[in-house]
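Shared chain: subunit A. Partners: subunit B in the first complex, subunit C in the second.
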Partner chain A sequence: MNKLVKLFITSISAITLALVSFTSSFAKVDGEYIVLGSAISLTGKYSSNGVHTQNGYNMAVDRINKMGGVEVQGKKYKFEIIYYDDESNPKRAAQLAERLIKQDGVHYMLGPYSSGLTKAIAPVTEKYKIPMVEANGASRSLFTKGYKYLFAVLSPANQYLEVAIDLAVEKNGGKPVRIAQAFEQDAFSQDVRLGILDAAKRTGSEIIIDDKLPKELNDMAATLAKVKATKPDVLVVSGHTKGALTAIRQISEMKVDVPMLAMTHCDAAKLSKQHGKNSEYALCASQWHKNLSYKDKFFGGGKKYARDFQKEFGYDPPYQSAESSAALLVFKDAFERANSFDRDAVRDALVDTEMQTFYGNIKFGPGGQNVAKPMILFQVRCKGDDCENRVVAPTKWASDKFYHPIPKWSERS
Partner chain B sequence: MGNIKQKDLILYSGLIILGLAAPYLFSAFKVQLTYLCVLIVLAMTWNLQGGEMGYNTFGNILFYGLGMYLTASVQVGMFFPLAEWTESGGEKTFVHTTTQYFQGIGVGLLVAAIIPAIVAGAIGYAILGLRGHYFAICTLGLGIAAGEIAGGIEIIGAGQGFTTPPFPAEIVDNEARGKFFYFLSFALLIGTFVFVKYIYGSRFRLILNAIRDNEDKAEAMGIQTMKYKIVGWMCSAFFCGLAGGIMGGLIGYIDSTDVAFDGREMGVFMVLMAILGGKGTLWGPVIGATLFHFFKEGLWTFILGWQYVALGVLIVVIVVYFPEGLMGWLREKYPERFGEVIDEKDRKAQVELK
Partner chain C sequence: MDFLIFKAPMLMVQASLDGILLGILFALIAYGMALQWGVMNIINIAQGDLVILGGYIAYTMYLAGIHPAWGVIVSPIIMYFVGVLLYKLVINKVVDRDLFISILATFGIAIVFQQLMNFVFGADVVVAQSEYGTTMLFDNSVTLPNSKIFSAFISVLYAVALVIYMKKSRLGRAIRATAQNARAAKILGVDTEKVYAATFGINAALCGIAGALISITLTLHPYVGLPYTVRSFMIVIVAGLGNLPAVAISGMGLGLFEEFADYILGTEFRIGAVFMLLVFILVYRRFKLSKKREYLK
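This part shows the complex of A and B:
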């Protein structure tokens, strides 16, 4: 026992020493670098979108640094990001935010991927008064909690598919439609659902199927069987990338005929590439599309961004990457206008943001959400075996007409 | 004997002083230290059930999650309409005053301790008749079911999750929140340790061990095993609920399957930590949880993307090389330090026999 106690005490003191020497904190601005922190989902259920987000951040950091960096008080600084893997888990994300702020001395944060994780990180950044510009947390509840240091470059989640219901009603000759819907059990998808409920109420439409899908989403056959039986006018599905992939896979397998299919995350799931013709006619909500006519001096326009992104990472940028890149542009702009590294000065500059980026106009509302940018809808259309996302709404950017109704499977080649 | 007691006293007071000083010594690590306290509590309470009683449960996460939701709900519900708080589209923002916050969390934790214990009693009555694998599988289902059910209850936020009340803004000190949760969890750790140590010296532990070693025989000896099994599980649930309540406040956001009923992580970790340290010992879970936490925090960030592979390897290594845990391994290596006397002649004789 004696020796054991000694051993124990020795090891504890050793650990203590090691920790004390490790605690030496880094600085928010390290030499010529402005250090930003981000917990991102590199593993777990959001890993593919986490990587899209990270690629978007990295692309913007490289570009801004190459084009002269950020000028504060006459000196040029470069961006640098410290990443951690939050494992798609809110508990881990909150802990890592704390770690970034307390141990790595980060004074400015970039958001994680998904609303749930942003919800977990926001209380931490708020507590330490750390400005966070996030690009992937769209849940409406993020913007009603009175957070003062949270800024989102994207439109709130409830706006994602509201337009789709309006479109369905319009195609139905102004008469109410019958809606079937299935949403994943997470903050973002549930908010999309609230948007649909609002739209249904407004148009007098009836919701005939209202299903909840599990988080590890690999099967929704039960919902689709019901859809087959009840023949609704619109089927709405939202469940991040996995939701989009599962829906298309099973709809084509089960040959479910529905006049209109509205979804989210089609581009992140690379639907048009992965499922080709099976995904044709799917209507998708998107924060951004490369054909939009917004411009900035770093990335040029959307098309140029898409080309550069393709060259760098080998795939077409989904909107998750575009909005993430935009977050960096917002930070750069705010630092230069604040002309200081004082967190509150930067925060105040963020409040006054009013700018155009390749991704869209950005201006923050009182809750921190972006109020200057509308959502868009695109539809997957194919020529032969080559499928593409074409913008169909709003009309200002529409390159194609909305195709309705979706032909029956028996009539599709 | 008196000598050892004195040694223990030095050890305990040393650890308590270290624990009290820790948030000041490693100010930046307060959150990790809080996690450590909670992990140790979870490992110790699991050990009570899995190690001492031999009923391997994956269901303790149920009490942890229940405690988390209860604390937050009480904390909000005492002062504001809960449904409006959790409604995501709601435009209203409620703010707790300092007194409301602490009153709420106090009452919330009380509820979070009692209700899980009652639930454990009720569920235990129903399923503690199962033994071995059947019990383990059944409890595995408990946590999963609870997560899915909680994800459908609107008043606690359903799939949207539940944002717990933010720490009162009137307290300007940035460090106050970290310290508050650290000391809360440290107090819980001490409470749990004292309780478990008390049990270790009691007849109750012997009964639990008897159930583990041969339940039928124990019953034949006149022990009402069912009664003791239920009480044992209720004790685990009591502390698990408290741990969950503290974690909910610390994390600030409760998600039904990823934070509260997080069987995939916390639920497995608590078993792993107890086994790593050595189940069925007082110090095993403490050492196991500490090592595990250091391993996780230290290595996780250096092997981004591969951390779960590393964890898998760790589990294999533990099971293959330390099936009895670190304490068990030490005990086998140095039995005399655990106060076990070995008759050399007898040992040799046995080796020859083999």
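This part shows the complex of A and C:
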């Protein structure tokens, strides 16, 4: 018995040792591969968006590798990503980031899904001076901490719905509007709220309802009854997919008439699919839409990206996938300009990024956020039971006209 | 502080009706919890997850083209067997043990259920459409979704049916006897093992009904079970065990209180206010009992 135990322990330690020596030889650049690392939510509550993110990364890796890869000092390299499942858990994500860097020897990171997890990982990558290009953490607080190795290809959360207020003021003949707003009490939605407060101040608009919804939000009847009683010019809601679905369900059931309704997460909530006609006229903030006219040489334009993505993964790409693909394009560009694998050289190259991708223009501000790409708004429009999202703002990239005001429920069929 | 509600009296009506309708639904879940807590002395942390699972059953029917309202019949039947199975697998091993062990066991069940639902149905938030329309009162100033009225009606129907069943049927009497004194019931020939299994099954079935109703009135997501557990726990704490009319009143009362807290204190204090109320009630009850030289179990 004793012998057996000893044998067991020895073999286990031998295997561990072998594994350790194997993984540590697996460094930043392995033969012709540039190894990137990412902790990603493949299980747990972010798993669907985690998968969208991973699909976006993989799609870009395949495309870049197929089209010649990354050229550094005259040699062609290919991208490869090591993924770990962070179980949608920030603590786990931070541990995995540490493991990627220390054990797997990864020197360049891709972001996880969601602001919360990015917040958990950023201090780790910062500590080890690992450049991280992230595509799914929009919270403003990520960009105010003075991180030097964090780069986000997406617009920060406070910009999500600012455009909507500007649009409302424009439709009101340039005069200030009365705003009702309901935001979930989480970092992201509160950032969106700050953006609205700024926009209201800028335009002299008045906020007449300012509700903070609980995290376990499933009922906003009280907020909507208030909206009904006070008749604001615009209603703004942000509470992830739950918020968007609850809002549309209850607005249509309670027959709340507002001239303009702006939300976040309609895309992820598959709003028009789940609620059909009831979601018509809702304005949705989005990082990206396939109808935008941005272009690059890898994916062509948004429409082509959407077609290719559909072919590969069998569904229409949400913006989470598009922005994740863009993160790889940014890395490729930075490696080639740095013409080196030195972390700090790559980091400096990232700072100087200025490019157009199918996803939008990318240029990083001092905090690491993308300052070159505006948020867009699309509006849900339906023909019969067939609904689609049409880009209506900002006007420069818009492909359709904004329908305003929303007809009253009594006039809708 | 916001006193909008006092300026617009119609809001008062709206808030009351919303609160009561939602409260009735919560009372149904709490009813199940009170039942198995009273009979088996188990606090079921997985209560909310059973509710959500019931909701997903209705949602699956909806996806298959069947009206989700039929879920209030199909879901409890399936959930009854889920409950009995759960009892045979886990609960029967903790039923006579310390309360803490049952909390741990059901907490574990809750996690397993969440992950399984996430695995099977995905992490997206989903809704089922009942297309029931809206009832408008007082010249459109008060609107009530018919789905909420429907869910309150069904909840009351099932609750009344269960009360009658408990009073009249053989199994109902056995359950009540076991709740009063399990040992005595056993001596008198009641198969308590069977009674426990049935109780847990009935509880799961009630959760199934509530879940089906939630799928057409609110939203479903694998991880939103816990708020329902907490809510029903509170209702039961306020109402006490084995007092079913009190559960109904306390459910509606909490629903009402929550709506009014929303209007008066602001939405951010909605849940907080309910917890404050709970603390007050517990302190008050402790105070009252200590006068009578009793203690609160």
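Please note the rule applied: the second predicted complex is superposed on the first by the 381 of 413 C-alpha atoms of A that agree within 3 Å, B and C clash if a C-alpha of one lies under 4 Å from a C-alpha of the other, contacts with A are read in each partner's own complex, and residues count from 1 in each chain.
Just so we're on the same page, contacts are C-beta pairs under 8 Å (C-beta built on N, C-alpha and C of every residue); 3 or more make two chains touch, one makes a residue touch a chain.
Predicted model only: the values in this text are computed from it and were never measured.
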Would you check which partner chain A:408 touches, where first means subunit B only, second means subunit C only, and both and neither mean what they say? neither
In this superposition, the partner of subunit A with more touched residues, subunit B or subunit C, is B
Ask   = Which partner does A:158 contact after superposing on A: first (subunit B), second (subunit C), both, neither?
value = first
Quick one: is A:76 in contact with subunit B, with subunit C, with both, or with neither? Answer first, second, both or neither. neither
Check whether A:270 is in contact with subunit B, with subunit C, with both or with neither, and answer first, second, both or neither.
second
### Task
Identify the partner contact of A:254: answer first if only subunit B is touched, second if only subunit C is, both if each is, neither if none is.
second
(Q) So in the superposed three-chain picture, is A:214 touching just subunit B, just subunit C, both, or none of them (first/second/both/neither)? (A) both
Request  = State whether A:226 touches subunit B only (first), subunit C only (second), both chains, or neither.
outcome  = second
Return first, second, both or neither, reflecting whether A:175 touches subunit B, subunit C, both chains, or no partner chain.
-> neither
(message) I'd like to know which partner A:187 touches here: subunit B for first, subunit C for second, both or neither.
(response) first
Subunit A residues contacting subunit B in one complex and subunit C in the other 43, 185, 212, 214
Touching subunit A in the complex, subunit C uses residues 4, 8, 10-11, 14-15, 18, 22, 115, 118-119, 122-127, 129, 134, 136, 140-141, 143, 145, 147-148, 214, 218-219, 221-224, 226-227, 259, 262-263, 266-268, 270-271
Residue set of subunit A touching subunit B in the complex reads 1-5, 8-9, 12, 15-16, 19-20, 23, 25, 42-43, 83-85, 87-91, 94-95, 98-99, 102-103, 116, 119-120, 123-124, 126-128, 139-141, 144-146, 158, 183-187, 189-191, 194, 212, 214-215
Per the touch rule above, subunit A residues touching subunit C in the complex are 43-49, 182, 185, 211-214, 216, 218-219, 221-223, 225-226, 228-230, 240-242, 245-246, 249-250, 253-256, 268-270, 274-276
As the complex stands, subunit B meets subunit A at residues 4, 7, 10-11, 14, 18, 25-32, 35, 88-93, 95, 148, 151-152, 158-161, 163, 166-167, 174, 177, 247, 250-253, 255-259, 262, 265, 294, 300-301, 304-305, 307-308, 330, 334, 337-339
